[in-house]
Every structure is written in C-alpha cells, then in structure tokens.
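Right, I'll just put the structure down here and ask away after.
When the chains are written out, they are named A, B, C and D in that same order, and each has its own residue count from 1.
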Amino acid sequence: MATVENFTAWVHDFARTIAEHSEQLTDLDRAIGDGDHGSNMTRGTARCAQLTDEQTFTGPGDYLKKVGMTLVSTVGGASGPLYGTFFLRMATSLTEVDDVGPEQLGTALEAGVEGILTRGRAERGDATMYDALAPALESYRQAVADGADLAGALAAAAKAAAEGRDATTDMVARKGRASYLGDRSRGHLDPGAASATLLLESAARTLA
Amino acid sequence: MKKLINDPGDVVAEALVGMAAAHPDRLRIDHEQRIVYRADAPRQGKVGLVSGGGSGHEPLHGGFVGPGMLDAACAGEVFTSPVPDQMMAATRAVDGGAGVLHLVKNYTGDVMNFEMAAELAAAEAGTEVASVVIDDDVAVQDSLYTAGRRGVGLTVLLEKIVGAAAEEGRSLQDCADLARALVADGRSMGMALTSCTVPSAGRPTFDLAEDEIELGVGIHGEPGRERRPLAPAREVAAMLVEPVLADLDGAGDDGVIVLLNGMGGTPLIELYLMYGEVARLLDGAGVRVARSLVGNYITSLEMAGCSVTLLRADEERVRLWDAPVNTPGLRWGA
Amino acid sequence: MKKLINDPGDVVAEALVGMAAAHPDRLRIDHEQRIVYRADAPRQGKVGLVSGGGSGHEPLHGGFVGPGMLDAACAGEVFTSPVPDQMMAATRAVDGGAGVLHLVKNYTGDVMNFEMAAELAAAEAGTEVASVVIDDDVAVQDSLYTAGRRGVGLTVLLEKIVGAAAEEGRSLQDCADLARALVADGRSMGMALTSCTVPSAGRPTFDLAEDEIELGVGIHGEPGRERRPLAPAREVAAMLVEPVLADLDGAGDDGVIVLLNGMGGTPLIELYLMYGEVARLLDGAGVRVARSLVGNYITSLEMAGCSVTLLRADEERVRLWDAPVNTPGLRWGA
Amino acid sequence: MATVENFTAWVHDFARTIAEHSEQLTDLDRAIGDGDHGSNMTRGTARCAQLTDEQTFTGPGDYLKKVGMTLVSTVGGASGPLYGTFFLRMATSLTEVDDVGPEQLGTALEAGVEGILTRGRAERGDATMYDALAPALESYRQAVADGADLAGALAAAAKAAAEGRDATTDMVARKGRASYLGDRSRGHLDPGAASATLLLESAARTLA
C-alpha cells in the first residue's frame, strides 16, 4: 500500500533522476526538437521536490494535485501541460484515498495517461511519451490481473515503458516539434518517452 | 558557447531587466511573472491583445508591446512556451472590458498552455477570451501527419494589423475575425545558414556543414524540410519565394505585404541583398508589393538565415499596417 | 564562408538594390555612384549632412538617411572608405544653399578620402563645406602614436542630434560647432565574441578561441586592445563601461545618452541583458541615463559582440534627440 | 628612356602582379588590419589597366594623371588616396615630357613619394608603404649618382623596397589601422609596404 510518503518519495526520486539525465534528455531533444526537454523537466521537478519543505499534505491526492499544478506552472513547452495534466488527473482519481493499493494505482495511472491523451491527442506510434506510457499501463494492468503486488506490477510497467521508449526510435514522429522532421525523425529516440520511462522507473523504486 | 550572458538559467529574467531599463516610459514589466505590459494597460473599452511564447525570438513578442500593437506579452524560457499562470495574469491585467484576444503561434507547447489558460480564465467569471492560432509556415507539409504548420513570420504582421484594429476600438469578434482572415492569407518559409545554441543546452541545436543550408527551418533551430547545398542568394530567394507563392491563393487586391526577416545572426547588409532578390522574384511573378519590412523581427537566437512572409493585402490591411505604432521593435507615425 | 550573397564582389551594389526596393518612397539611391539620398534632397535653406564610410556597418550610414538625420550617405566597399567622387557628388546634390557638413569617422582612409573631396569641392565654386571628424573609441590609447581614436558608436548619436539641428534650420557653423562639442563629449568601447568575415576575403579576419574575447575591438574586425578570457556579461559590461567613464569628463547636466550597440551577430536578447548590466553599473556610478538606445546600429558584418557609447547629455541634446526622425534605421515622432 | 608605352606596360604589369598577389595582400591585412588591401588594390589597378583600351594618351604625364585619378576614384580606403596621390604627383612632375630619363624619373618618383608623405603624414619606421618607398627612392638616387642607367637604378630601387618591406615586420605600426594594435602589430609585414614593393618590381621590369 502506497501512502503519501511513498508518493513524495516518488516525486523526489523522479526529480533526482531527471536532474541526472538532464543533459541526455536535452541531447535527445536537440536531435529532433529544440534542445530544452532536459532543462524544462529539471526546472519543473526541482520545484516539485521543494513542495514538502513548504507545506504538509493530507494525502496522495492532495499532494499530487499540487505537483501537477506546479508542473503546469513551471515547465512550459509541451511537456508542462502534459505531465501537469497527468498528475492532476491522478490526483482527482485518488481524492480522499490514503493508502493506495495496486487496483487503485492502476485506475489513477490510467486517468493520468488518459489526461495526456486528451491534452495531446496523440496516438500509439506517433513517437511521443504516450508510446512509453501506454504499454506501461497495459503491462501494469496485466501484472495486477496475474496477481502481482504493487512492486511486481510497477516493475512490469517500468520494463514495458523502457521497451516502448526504445521502440520510438523506429517511428516517424507525428506530434510535437519532432513531427516537422517527417521521415528524418526516424532513428531517434523520443525525449518525452525517455523522461516518461524515468517516471515509471522512479515509481517502481518508491511506490512499493 | 560564446554569449553575452551570465548564468544560462538567468538569461530570460536578466534580459527582461535590461528591457525594463531600456524602455522605462513605455513598458511595465512584471518580473515575477515575466510579462511585458504596455505602460498604460488596461485601456478601457479596448480589446486587450495578449501574445507570448518562448524567448529567443526578440523583438517578438515583448518588443511589440505598445500603442498600436500588443497589450501584453508572456515570456517563456528560451524556446519554451510560457505557462498558463502567465497568460491568465496577463489576460486579467489587460482586460479593459472589451475582452481579450490571445494570439498563439502554432506549437504544441504554446497551444496547450494557452488552451489551459483559456479554460482556467473561463472558469473565472468576467473576462471574455478569444484565441487565434497562427500557422503560416509552408515548410511543414503533410499537416495531417504533423503538429501542423508552425507559426512564424506572419505573427509580426498579424500583431501589427490586429493591434491597429484593436486600437481603433474594434470588437473582440471583429479582431478575432480579422486575425483569422490574416492567418488564412499569410504564408512563410525560412532557411538557416547556421544553427543556434540554446543557453541551457550549451551546444548548437544542429550541425550544418560549411557547404550546407537547412531549408524550411523553424524559429527554434528545429531542423527543416531538407538540407541543400549552400547556394547563391538568388537561388535561396527562389527556394523561399516559390513555395510561399505556390501555397498562397494569389496576391490580394492590393498585392502583398512582405516581411524579409532575419534569424538573428545575419547582418542587415545580407538581408537587404536578399530583399532585392525577393522583390525581383515577386516582380517577375507579377505580384505587387504594397508594403515591405526588412530586418530582424522574429529571430532564433544567433541563428544565421532568413525567412520570407507574404500576406495578401487589401485596402483595409494596408491602412491598418500604416496606422501609428509605438513599440520598441516597430515604430512609426508616433 | 556562409553568407546570403551572390558574387562577393557584388555585395554592396546588390544590397543597395534591395535597400532601394525596400524604401521606395523614402530614399533615392544613385546606384552608379553608390549614394543613398533622402527622397526630397536637396532641401532649400537646410544644411546638407553627408556621411559615408565602408559598408558592412548597416544600418549606418545609409539607414540613417531621411528627415531629421542625414541627407546623403556614400557607401564604400565592405570596410573600405568610399572615394572622393562619391562625396563630391553627394555634396553637390544635397546643397540647398546653406552649405554642407561632412561627418567623418576617424579612419585614415575615410579622413583622406573626405579630405580630397573637400579640396576638390573647394576648387569648385559655390558650395560651402565643413567637416567634423568623429573619434570616440577609448580602446585606442596612445593617440599620439596611432592614427588616433576611431569613430564608432558616437557616430549614430551624432548623426541623429546634428540631423535634428540641421532640420531646425541651424547654420552650417552652428551644426559644425554642435558636432564638435558632441565629439568632445562622447566616448565608446567595444568587444567581440567572434570575428567577422569580409566577403572578398572569404575567411574570418581574426581567429578567437572558444574561451577568448577581443576587448577594444573596432568596427572592421580590427583586433582590439587585448585578448581576455571569456567572461560573464556583468564582467564584460564593466570592461566596457569603466574605461568609457574614466575617459568621459563626468556626466552632463542631464546625465548621459547611452547606446548599447550590437556588432551584428549578437541577438537582441543578449543586448538587452547587457544593457541591464550597463544600466546597473551607471546607476552604481551615480550616472543618470537621460535616453538610451539598444540594438544593432553600427555593426561589423556578422561579428558577435557589442559596444557601449556614452554621450554627456544636456537639455538641448535631449531635445534634439527626441526630435522626429524618419529613417529606415531610426524612426520616431514621424 | 621610358616612353608612354613603358609607363602603360608598368601599370599593366602592376595590375597583373597585384591580381596574382591579391589574396596574399589581403591575408597580410587580415592579420593587422581589416582584410581588404588585396581587393582594394585589385579593383583599382584592374580599372587602370583598362584605360588604354578606352583612350590614347599624349605622354607619360597625361597617362599617369589618369591612372592617379582612376586609383583615387576606385580604390577607396587608405591606399586609394595614397597611391592616387603618388601617381598624380608623378604626372605633374612629368608634364610635357615624352622620354623620361633616369634623372627625370628620380624627380618624378620623389614627387610621388612626397605626395604620399603629405597625404599620410607617415614617418620612417611607422610601418607603412613609406617604409618601402623611402629606401627605394634613396637607392634609386644613389644608383643614378653612381652612374647607373634606368634599368640599374630601378633594380636597386626594387631591391631596397623589398628590404624596407621586410623591415616593417619588426616595427610597431603607428599609422593606419594597424596602429590600433600597438605592440601586437610587431611581427607582421605591412600590406601597403608589400604592394609598394610590387609596384617597384613592376617598374624595374617595364620602365627600362
């Protein structure tokens, strides 16, 4: 069961991991975008990591809402509204819940991923963060159906995210800046799929 | 990376400090929120014009704030859309009772952030908000399979013309309709001789060989339509003018308004030379130039290169173009 | 060499073609002689202001031709003084009966060519000619052992202020006296992050390592006072402001007019950032800024870098600065 | 005895030599000036080389006057007025003379060099073209005094010019653009001294 402490650990771990991979994310974005994904995400997640110093949170929903709002207000670009919406929708799904079990987390993740879809209107194969998040969600669901606990389901999700991320290399981007490249985007890994994989890897380390 | 900056993370904030110092009477800058306001905003009874986007395109947008053009501009990080909080704050601050028009360049980030701002502003009672998305870049073909055409040079012409309409006291609906008509009638194409370097990245966004150009480049150092061998100015001019003309539904009743825009690192002597080639091509195509503008207006940091924008002109558009404007980046008649 | 040009030998001629196309109503260009005239020259009873110099410094000088500023500008080859024939033709053409003032930047070539022109013009009956040499660059120290201080950023401020005086109908003597007083009261200092490339040379004029700047550079890519390690903007600002202040005889009654000038390849975002640093330093030194101008006004092709010019201000100078001007490069109040 | 044919041959040879050395002159100027000396001189001398196609000249004075005016009108920069004045003063000195002997050429060269001095106010050791021209004139004078014919005197002048040119390497420039460099100009050969040496080498090939 994941509590608010787990969720704060998640966001802190995510912020740390993003900072470590900032240059790498920016390099991916330089190749097919505008070279700012690393700094965008670092700016936003660093700000999120300060939230617990400034206030206390009554539960996961309360905390994730603040995280979502903070991302919306600090990241900018395409990833700001997308990650922001992800956390805001998770938060809504977890309102008034204190201990989050595998089923509930699945519903919350699904709400988050749906939020990204609504905001960005991406489809599978468009080479976006959705191509890491969608298979992650499916694997998570499958693992839970197969009886996995939180740890097992999140590990499966992280693994699927990484595979989905790697698969973006062979895709032609159809959303976001990379889409302007047309065929020339093939052969490049999508930066948002890379950061989304870091998000799920952080979850696997902290939520269970 | 060789730039006149301090910490790469402080570039936008510090440039706004300098901008405030340089234009104390004309602009009011909210440094906390990174919003550039015309000093006398809000203007009662006038539609408020709000634009914004990533920084690094100066003078766009902050340099186009002032009488006859924008009421507020939200500055994002370099090449990164500003956030909804900024747009909401700007919207509130410039609302003079006649509503607020958001002018949004068509980039996923800008569109989504402005969309969130409009949703949030709608939730707040009071301010009527309309939004127009600018997408004039013909370099982006298959717009079905992409994020759609980018908003580039037309933004400058549109902010000027719609700015004049708002200054005349036209309604929000009128201003939005005019803006949409301009979007339908304006097309651009750009090219780069060199890449730019995002301060926080510290390295050029793309590599271009000494004998290559990037054709169809955007304003963020996004790679363009294709790489071509370096060519003389007259051939480069044709590479820009031809696709624009092909996509434009003929000239307007009064010909076209032309913007020959520099990307930031190309000196004026080259821009004038290029404009000579563009004017010759338009003349050859029987397209009359009603008005022209040559210079660095929507840039991509220190990128060398240029873009051509054509807007179908009619009497009203030319009249609004000629109307007084008083901003740091564009000024006449005042 | 990556430039938007055709044949390197045709750059100046073709840029003038583009300039003529871009400003058909405001300028009249003699392409044979390479002289940019204000469309309504000569103005009867007004002192004619003629300047000129090598090309590559655009908008200077041709971009400063128009009501309230210059009557004619002679364009030389890139970084090469124009020839006496041009200056004589321009002098004749702008003479409205009140005499003609030559504004000459202090470079051996410019001074000698303008000198020959004045000698030849004196031989022709009729036109009264006065000449003022501008030498504001504090980077050149020992002026006894050199060709003397170069004329740089002050030229822009001087052409504007003396232009306004001439427009007011002041006499040749008055205009020349004013110009000399401004020369005595203005100082500049520049720096480069990168070299420029003269089109006919095809290679950068100097090499600068990734971590070096050239301090005290001129506007032709001439090497400067010294090489320094690349430094943050706030330190670079001090390297420019301090020697200028040290050489200036204090601020004027109304403080100073400041020009933060870009060398051509530095984007506006960096120039604003630098201006913020300059304004802070002036404030710290107790120097009041009466007026300021930030942008690319006297450039060195695509060189990245900037310069700072301070001119002691008084009521009259500020009034003349504020007077209407309508040129491609500087425009307000008209 | 040098006739108008010799003088036109001189100017044509000079134009050809300048064109051949254009890049080299520009390189010298890039190092301590603004990188245009080669193109300045090439533009002007090429124009001078066309004069004989366009009109006929009554004598050396008539021809050199036109050469001087053409240089003044086409070169620009510092070198235009300097070389222009050089030829104009030579022309005045040779007015009405058809066949130019060693003495007369010496007087004409001296008038030309004096013209450069008046125009540029340079002194020996300032690292300018004057540092090639002054020793050339002295050697010429000395050779004539020693009984040399035109060929011998011009050969001596060309040799002295080259030595004077090379000596500019050790000088600190005090005139023209190179003077802004101060001490940093040391170690560089002056471009104007290089072109002036070419002028005397052309003279040695054509005037005798």
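Here is the rule we use: a contact is a pair of C-beta atoms (placed from the backbone, for glycine too) under 8 Å apart; a residue touches a chain by one contact, two chains touch by 3 or more.
Only a predicted model underlies this, so the values are computations on that prediction, with no experimental measurement involved.
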Chain D reached from chain A - shortest hop count over touching chains: 3
Intercentroid distance (Cα basis), chain D paired with chain B, Å: 54
Whole-Å gap separating chain A and chain B, where each centre is the average of the chain's CA atoms: 32
Whole-Å gap separating chain B and chain C, where each centre is the average of the chain's CA atoms: 29
Sites on chain B at which at least two other chains make contact: 78
Chain D, residues touching no fewer than two other chains: none
Pairwise touch network: line, ring, star, complete, or other: line
Pairs of chains found to touch, sorted by chain label: A-B, B-C, C-D
Chain A contact footprint on chain B (complex, rising order): 9, 54, 76-85, 107-109, 112-113, 115-116, 139-142, 145-147, 150, 198, 200-201, 203, 205-206, 218, 220-224
Sites on chain C touched by chain B in the complex: 2-7, 11-12, 14-19, 21-22, 55-56, 58-59, 63, 78, 193-194, 210, 213, 230, 232-234, 236, 260, 264-277, 279, 289, 292, 294, 296, 299, 301-302, 304-306, 326, 331-334
Contact set on chain D toward chain C in their complex: 26, 30, 32-36, 38-40, 43, 72-82, 84, 119-120, 172, 174-177, 179-182, 184
